[in-house]
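Sharing a structure with you now.
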Amino acid sequence: MRSIVRVTERVVETPSTVTLRFPFVAPAAPGQFVMIWIPGDDELPMSLSYTVGGSKGVTVKAMGDTSRRVQSIRAGDAVGIRGPYGNRFDMAPRRILVVGGGSGSAVLAPAAEAAVADGARVTAALGATQAPELLFRGRFDAMGAQVEVATDDGSEGTHGFVTTVAERLLGTEPFDAVWTCGPEVMMQKVAVAAASAKVPVYCSVERHMKCALGMCDACALGPYHVCVDGPVFPAERLLPLAEFAHAHRDPSGRRVPFGGH
Amino acid sequence: MRSIVRVTERVVETPSTVTLRFPFVAPAAPGQFVMIWIPGDDELPMSLSYTVGGSKGVTVKAMGDTSRRVQSIRAGDAVGIRGPYGNRFDMAPRRILVVGGGSGSAVLAPAAEAAVADGARVTAALGATQAPELLFRGRFDAMGAQVEVATDDGSEGTHGFVTTVAERLLGTEPFDAVWTCGPEVMMQKVAVAAASAKVPVYCSVERHMKCALGMCDACALGPYHVCVDGPVFPAERLLPLAEFAHAHRDPSGRRVPFGGH
Amino acid sequence: MSSLVADLAVRVGSLALRNPFLLASGIWGESGDSLAGAWAAGAGGVITKSIGSLPRAGYPNPTIEEYSTWGLLNAMGLPNPGMDEYPREISAARSHGALVIGSVFGSDAEEFARLARRIAETGVVAVELNLSCPHAEGYGTEVGSDPKDVEAIVRAVVGSVSVPVIAKITPNTSDAPALAVAAENGGAAAVSAINTLRALAIDTTLHRPVLAHGLGGLSGPAIKPVGLACVWQIYERVRIPVIGVGGISTAEDALEYIMAGARAVEVGTVIAHQGIGVFSRLVDGLSHRLDELGYASVSQAVGLAHGAGR
Amino acid sequence: MSSLVADLAVRVGSLALRNPFLLASGIWGESGDSLAGAWAAGAGGVITKSIGSLPRAGYPNPTIEEYSTWGLLNAMGLPNPGMDEYPREISAARSHGALVIGSVFGSDAEEFARLARRIAETGVVAVELNLSCPHAEGYGTEVGSDPKDVEAIVRAVVGSVSVPVIAKITPNTSDAPALAVAAENGGAAAVSAINTLRALAIDTTLHRPVLAHGLGGLSGPAIKPVGLACVWQIYERVRIPVIGVGGISTAEDALEYIMAGARAVEVGTVIAHQGIGVFSRLVDGLSHRLDELGYASVSQAVGLAHGAGR
């Protein structure tokens, strides 16, 4: 189940984001994640940012110490991969709005590519602190998506939150579905906006993970286990949960409120 | 691997021989055996005397205490069955002489039936202490085999050993193969007679068995393990062995010379 | 489904369970919602994650390694939110009607007693003592391998709480029954066996243990034969009820434990393979099997394999 | 096959083996022809069935129960022809060139010493002491669970024979390394671990244990993680070489044991699944894998997983 693979390529995507590519033949679908083991260090859940064929990839944003150490992996280094785990984005919708914040594009880009390949039309609302941090902007352009951006510092696109862009787009176009990944308060806002436009929203959420097998309870989110019931959830399942956008659990299982995003 | 089945039928075949039929769906071929567990008592290797379809059977001759207890099993009793194990009679020969002594017909009858169904012609030389002990005589008749018998007391057929009958038949007809099962000194005589007639001989042999998996060494016979390399052996493999027709091993692994037969 | 006649309700001492299938400690046991989910899925009772005095993050990942479907190696390292925070999870589970058994781990009799007292205040119906985690320094097997320690810990806990106390025995010992006898002498209402077997996996490419902690504990089908032997031997030595744990994935497995002497069973690893829906399959499967064999209740089958004169 | 470069020859103390794969005791070990067959199939050495003072028939059948391909339960009951008869089997094996290690079991130090002396006279290159069979009353684990007994038995044997003495340690204990240390103190040249795990199977239709003896020992893939943990822990506590046993069915499994600290390994149950041809597959597989990983010899890999600073 666990494969030891050597990283074939390391791509710096943005100042804070790095993609690692590696051979991994198990079939995978956009939305699914792997557990990536950095020998002697840790093992982390990471969405597959490349899901097609024998060369898969993950795209890591520098957050705390661990993700920084993941970023320091070089081509040729050995890592352990198990998975893919979790569910996938449903490819039925034909007119899709993707809303990504932070490293959210890591999972949204391959999903949007698959949808476009399947004949869907995709509009992407991408948010970042500043223009160079816009992740996979080129990938969205290349797949033929209509791209709108927001930056916290106004260095490109809308000055402010990507949620503002999303709200605007939802008011102007008839989408079948919204796919979103980013901080939970962001996803919550998107979900509320889409609800009034009666568009179903699917959120890819993160929780601390250990087993990834739906057993250890580390990733509990209300009645769900993100590792097997998710990571993709229809927003209407998340919105009623006291924890969604408010708290997660640390590795000990304690509830910890989310800081600002 | 182990099935608990209820015996459906108990047939007294001869004064000393009983057949037990039971449901057992695993495919089996003539020559193969099962380990039959009499709960609370013992587990013994027994050739399948009925190999076709979902109702299999074994035919047990009263020898020592254990086989007598096996014979006391009634319809409705539960027994454990694992297997089938071991190899099978090769069905290629078209003109076959079967030579059975004692309970040997238990394995030879289903093999001969299969050969006949396959278009072969079968001659059967059956030996017993006395006429009523001739096992499966009716079965050989029914399949259209030419049957010749020998009895120790002369109550039917040739007065004396079945080997005498076999030697005579080998001198008169061009057989492709001899299949034999019975006491080893008998099989040895058959093999020697057939060698001069240049007919290949296949012997079904017995050794004490425990695992039936080729592991525990209980059934060692020279370099072979009867449970996986046999129970059917070409005679030329057996004749060179110091043990064949001379000695077997008791449950402790000690060599014990065969008594008279 | 045909109408089921066999009675699945069991009593483990004074503890009445609607069926013998308990959620094992450490599986779906960190959050109250998950405990409630296991109860809703049909468990006869749910055992919490083992809770200690202070929050523990557990070991770094990798914390698990899978062997096909026959085994699972883990070294979680007893992660838990600590006894100050955890009661709210029990309240949440109980507010959904779940029958909760609280599991605790400590480093000595005094800590066990203190934790048991606190968890008992939350309304759990029993307390299980983790005397058997095979890979946590200073806890589990390290305090549960000597009968004298087991007796002292159990006695201290029994003196501190009014609910039944269940001692969870380690299989990593030469004499599990002696530990069970010690628990009985200490006043335990029941013993449960087994916890995981001390085990290890090595990655040969990286020439290092796979789990961050190195040693871990083996669970799943591979340990069922070992758990059965422990329950069998314990049943012959104690009068208190025995709860069977280890490698149960079918009703037939559970019935093996019951016939070996278990009055109830706990299930863990199978949930990783079959999901929480396994509880209703186990319940239905056991009903059908008991019907088929002609037993009117689980109780009729308890320890039955010991009666078979050979 | 590509040309193999890795050196598979190993030394276990003074014992030189052409490769690290030994036939485990109790498998293909009752007859000299079978021992010779395992040698001809490529084993690095062959260990006899454990031999006692008198002939023993062993337990009645059923003596084994299979679990798919991941495990095997047995209670053979130490059948053996006794020390008066058995030397002829060793002679037969040796006449085919086989490197034979003699295994013996006794009920006390004196019996072990007497048996070891007699088997040593047959030309075996080493003696393995079965201190670990989990299901024979008065033998095996029953005499091998207390470090004091182990040390006394090993010391008595070492004083009686001039060939290396290997102590086979039980995993059915809370502290296998303590037993290994005791063996080392007694003068053992090596320790081997593990024997089977005490285990049980019950047939629910018949409500009785499947094996005639009731309790048995679990072997096969299921016990590999447990054997690895034992070898790992023993390696950290003794200076004498360790021989790994338990659940090896591939070269990769063997390399896990080697990296955990084993200088040689024994293989048993896999022969029931793959036949005796498994020896050449293991030999080829290990050569290829060592080549692939860049090790020139088995020795370079021994204990390597302990070096990985975490």
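As written, the chains take the letters A, B, C and D, and residue 1 is the first residue of each chain.
As a working rule, contacts are C-beta pairs under 8 Å (C-beta built on N, C-alpha and C of every residue); 3 or more make two chains touch, one makes a residue touch a chain.
Every value quoted in this text rests on a predicted model; they were computed, and no experiment measured them.
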* Structure fact -> For subunit B and subunit D, the contact-path distance works out to 1
* Asked: Which chain has its C-alpha centroid at the greatest distance from the C-alpha centroid of subunit D?
  -> A
* Asked: How many angstrom lie between the CA centroids of subunit C and subunit D, rounded to a whole number?
  -> 33
* **Computed distance of Cα centres, subunit C from subunit B, in Å** => 51
* **Centre distance in Å when subunit A and subunit C are each reduced to the mean of their C-alpha atoms** => 37
* Provide the list of subunit A residues touching at least two other chains, using ranges where the numbers run on. => 40
* Structure fact -> Residues of subunit D that touch two or more other chains sit at 205-206, 208, 212, 308, 310
* Residue ranges of subunit D touching subunit B (in the complex, touch as defined) -> 26-31, 33-34, 36-37, 49, 55-58, 60-66, 74, 76, 79-82, 85, 203, 205-206, 208, 210, 212, 268-269, 271-272, 275
* Asked: Residues of subunit D touching subunit C in their complex?
  -> 67-68, 70-71, 73, 141, 145, 170, 172-175, 197-202, 204-209, 212, 214-215, 218, 221-223, 225-226, 228-229, 232-233, 252, 255-256, 259-260, 289, 293, 301, 304-305, 307-308, 310
* Quick one: which bits of subunit A touch subunit C in the complex? Just the residue numbers, please. => 1-2, 4, 35, 37, 39-44, 78, 80, 82, 209-211, 213-218, 220, 222-223, 225, 228, 249-255
